[in-house]
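The same subunit A turns up in both complexes below, where it pairs with subunit B and then with subunit C.
Moving on, here comes the complex of A and B:
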């Protein structure tokens, strides 16, 4: 018993520096952000004077009424949805193809994984060039130029400068979603490939002997076995999508009528451009809650499983 | 162990003592001049400073990022944290007065100008922009003009058009060009300020300089019909810009004029530097006029340096201010940067045809501070206007946009 207490103390002592740092720099600052979101610090003067005038929920109700923030929330919803679906679907497809051990598979595996190593800043800049529409029809740029050269001019459109929307889904987001999927489908692929190696051969063979088709093997055996991996991939991708600031900021900015705006960009502009520190903080808190919405059920699930 | 400890102590001592030992001789100048032309200008100016004050060691603290967007955030953090540089770059007008002077972070420098006896050498309107309650707070080192309409001379001749003289003939010209299938007006508003830049020029045209300036001291109401008219004209003009404006930056838009894909471009006169870099000669391949309807007004964007309270080396900062206030200093910096001096006695020989033209207008025109570049209104108003116009360009709802502009004015002015 004594031995155990001592060990406990030592491990606590060893952990304490990082615990203290996390307490201050993560949770302390979250608390501070929440506090500022209830103050009236919407000018540089108020920040300097450090006076604490609590204004209740007014920063939040202003946000709620702000058309830009409403667009931001829709954009986040659709971006997250299509980004996750796309990255998972394409990632799984690539993993299944590579799992067949095609010739040169290892090369392709690296090619698909490679975008993951590039920063969003680079991806954003390059995809901006690709999707920059030019002036149609005489002077197309990027991918629109390619369409013209191969006789598919009917496919040309304004990409991320398009201002149309369908059920609050801004079509301009499609270009951003493609860029994000390009970058992150390799991640799902890698997770799945690792998981596929762990599925026993006998299981697949037994199914085959029983006359199962490839599709049946995939839906009835492989996918259920890979479900935990897919779920963690979804969680990771979901929080990547909330952190897509660098991609969107470099690729399109907020776009005409905020068609490609996301809360992170609004938060950045409100805080560091407009000196509206309290508005920025309340956006940050809303974003934190959105991450919580995704992560907390997952964590509860994981902890619950471990205990039982 | 003992050796290790004494070594650590020694290192610590060096760190603590070094700044003390050199504190008097260092001057830290903070700016965002890192781009083409401006960086060379700054370095030439720093060299001139070092030649005059060999005892002072200059620290050139720059933060990269267009129009100082990143530098301003860094600067604010330093000012809040009580760690100001000795002198820093700031746009004259609201950005200086609202953010730093009214908050009590700057020291008045009116006495300096009197001591050097050069107060009457400056354009008095521009000193006004850097003053608050009768005290001067910063020295303007350069002046840019915002309300310039650039055009491709060959194209204008090809389509047989005259330089438009007012908003009405301007819109007619744009319409004629659109019918010919060329982009009439190039715009690149991926970063929203360029749309605001165009709008503020139209505001000066519809309101006139006096009323426009009155918006910022409260003598003109935001209910003035001129603002509504500006929005309507802005909406009209936006019909004639390139469709992909949201994908372009201001450089991309100027490039459209350069490559002959667009005829006109409204941009500040840093675009002149851009055309020159691309190989054009002012007056030969490209021409310029004040934005139609704003002749006699000079949309001013000026970079200033002041003296923050608690500057580690105020005497060094004073030497720096004296350098940039001198006619030699301004004549070294401005021809390289592609801007004009804030003094009226500069040597015209050193400047190119566009800049001498601009220097002439600067002495005679009414100065109007720019919104988009922080001289007219606080930053909260600017971003709110950016957002309102960004939505307007797509939705074209005059009433709603007008309402948002008025609300922003009530909230932030």
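Moving on, here comes the complex of A and C:
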């Protein structure tokens, strides 16, 4: 018993630099952000005076009534939804194609994965260029210009400058979603390919001998077996989409009428451009809650389930 | 006969789809490379999709001149941050996998949570903290930030790696009276190379590509890493597109080279990001 306690203390001592750093930089700073979100620090002067005037939930109720923040929440919802559906679907399709072991498969695989190694700053810059609409119809830019060259001018539209929406879905987001899917569908593909290696050949072979079609094998055997992996991929992608700051910042910014705005951009501008520290903090807390709802059950599940 | 035929048809469909997706994935890179090699007079919107009339490295040399100090900043940032966070991760992972104690699982979960938070939720206190300790706006400040927020992922990868090593080795060493650091130095550190490679590549790529911390923590252009410098360059209306695109290539090149030569390890890091129990 004594020996055990001693060992425990030594382990803890070895961990302590990291534990202290995480305690301050993660939990301490989160607590501070929560505190600021209940203060009236919405000007540089208030920050300098450093007085803690608690204003209750008023920063949150202001946000709730703020049209920009409402737009942000809708944008987050639709962006996350379509980004996940798109990257999961394309990722699975690519994995199944490569699983057929076509010659040169490894080359294709590398091409689909390389966007993951590049900064959102780089890809945001390039995609902004590609989707820049130009002045329609006379002076199209980017992809609109390509449409004109190949005789598909009818497909031209404003891309991320378009201000139309459908059921609160800002159509301008489509361009951003395409860019994000481009960057991340390789992730699902890699997860699936790793999982597919673990499925025994005999299982598929047996089903084939029993007369199952390819589609049946996919839906009845492969997909259920890959479900946990797919779920992990969904969690990671959802969390990426909430962090898509760099992509949106460099590709479109908040756009006309905030059509491509997300809470991360609003938080950044409120805090570091408009000196509305408390407003920024309350946005940050809402973001943290959204991620927490998703991540905490997941973490608890994967870390503590195995032990029992 | 017909079986052979459907087999061939299948192959054709598979390749057609693979090539279709390839063109989607290559398109932005195609534009990037094409534009960056164009001479200035070729860079107008109406000729975006045309081949250059002649090849020019003018865009590159001018972009390089603008970005060279920031490129250097990025190396100053990424190398120490990567090495320190990998070392910390290795020690943490070793303890959490091999010297489990009461509550170590909860501590692991508390550490891991740090990699999932939206960094906006710590950003403003972080800036105030860095100002207070006089590291705000500097590369050392940014190194500190990346070391700390890199701890969860590096700990996770090493912990999963050491988890596969049977604990009997550690137990035997305990009986012999070897202390925790001696076991690490003589048994675990020497077998850690594969995990170090994965972690170093992963951290290098992520810290190089990172933008949010970089843009909030470094305000002076002279201290900014290359991602922020590129963002400023590309956001400016007066700078020619061939320079912007060349700048984007210069920014992407280091991580792209790592991916090309060490892609296998990069993918391992990618897969490690999904937590395993």
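Observations, loosely collected:
Please note the rule applied: the second predicted complex is superposed on the first by the 300 of 308 C-alpha atoms of A that agree within 3 Å, B and C clash if a C-alpha of one lies under 4 Å from a C-alpha of the other, contacts with A are read in each partner's own complex, and residues count from 1 in each chain.
Heads up, the rule we're going with is that a contact is a pair of C-beta atoms (placed from the backbone, for glycine too) under 8 Å apart; a residue touches a chain by one contact, two chains touch by 3 or more.
Note that the structure is a prediction, hence the values are computed from the model and not measured.
Contact with subunit C, but none with subunit B, is seen for A:288 once the two complexes are overlaid on the shared chain. By the touch criterion defined above, A:133 lies against subunit B but remains apart from subunit C after alignment on the C-alpha atoms of chain A.
In the overlay built on the shared chain, the residue A:248 is in contact with neither subunit B nor subunit C. In the superposition on chain A, contact of A:258 is made with subunit B only, not with subunit C. Using the contact criterion defined above for the overlaid structures, shared-chain residue A:43 touches subunit B, although it does not reach subunit C. In the superposition on chain A, no contact is made by A:234 with either subunit B or subunit C.
In the superposition on chain A, A:222 makes contact with neither subunit B nor subunit C. Once the two complexes are laid over each other on the shared chain, residue contacts for A:163 go to subunit B alone; subunit C is not touched. The partner that reaches more residues of subunit A, of the two candidates subunit B and subunit C, is C. Once chain A of one complex is fitted onto chain A of the other, the partner contacts of A:95 are absent, as it touches neither subunit B nor subunit C. Shared interface residues of subunit A (contacting subunit B in one complex, subunit C in the other): 128, 134, 139, 141, 272.
The touching residues of subunit A, when paired with subunit C in their complex, are 4, 7-8, 10-12, 14-15, 17-19, 21-22, 24-30, 32-33, 36, 90, 93-94, 97-98, 100, 102, 108, 110-123, 125-130, 134, 139, 141-142, 145-146, 149, 182, 187, 190-191, 194, 229, 232-233, 235-236, 239, 242-243, 245-246, 249-250, 263-264, 267-268, 271-272, 277, 280-281, 283-285, 287-288, 291, 295-296, 298-300, 302-307.
Taken in their complex, subunit C has these residues touching subunit A: 10-11, 14-15, 17-18, 21-22, 24-29, 31-32, 45-46, 48-49, 88, 91-92, 95-96, 99, 101-102, 104-105, 107-114, 116-126, 129, 147-149, 151-152, 155, 174, 179-181, 205, 208-212, 215-216, 227-228, 230-231, 234-235, 241, 244-245, 248, 251-252, 255-256, 258-259, 263, 266-267, 270-271, 273-277. Within the complex, the subunit A residues that touch subunit B are 42-45, 47-48, 67-68, 128, 131-136, 138-139, 141, 158-161, 163, 252-258, 269-270, 272-276. Interface residues of subunit B, counted against subunit A in their complex, comprise 69, 72-73, 76, 80, 98-99, 102-103, 105, 181, 183, 189-192, 242-248, 261, 378-380, 382-384, 387, 390-391, 393-395, 412.
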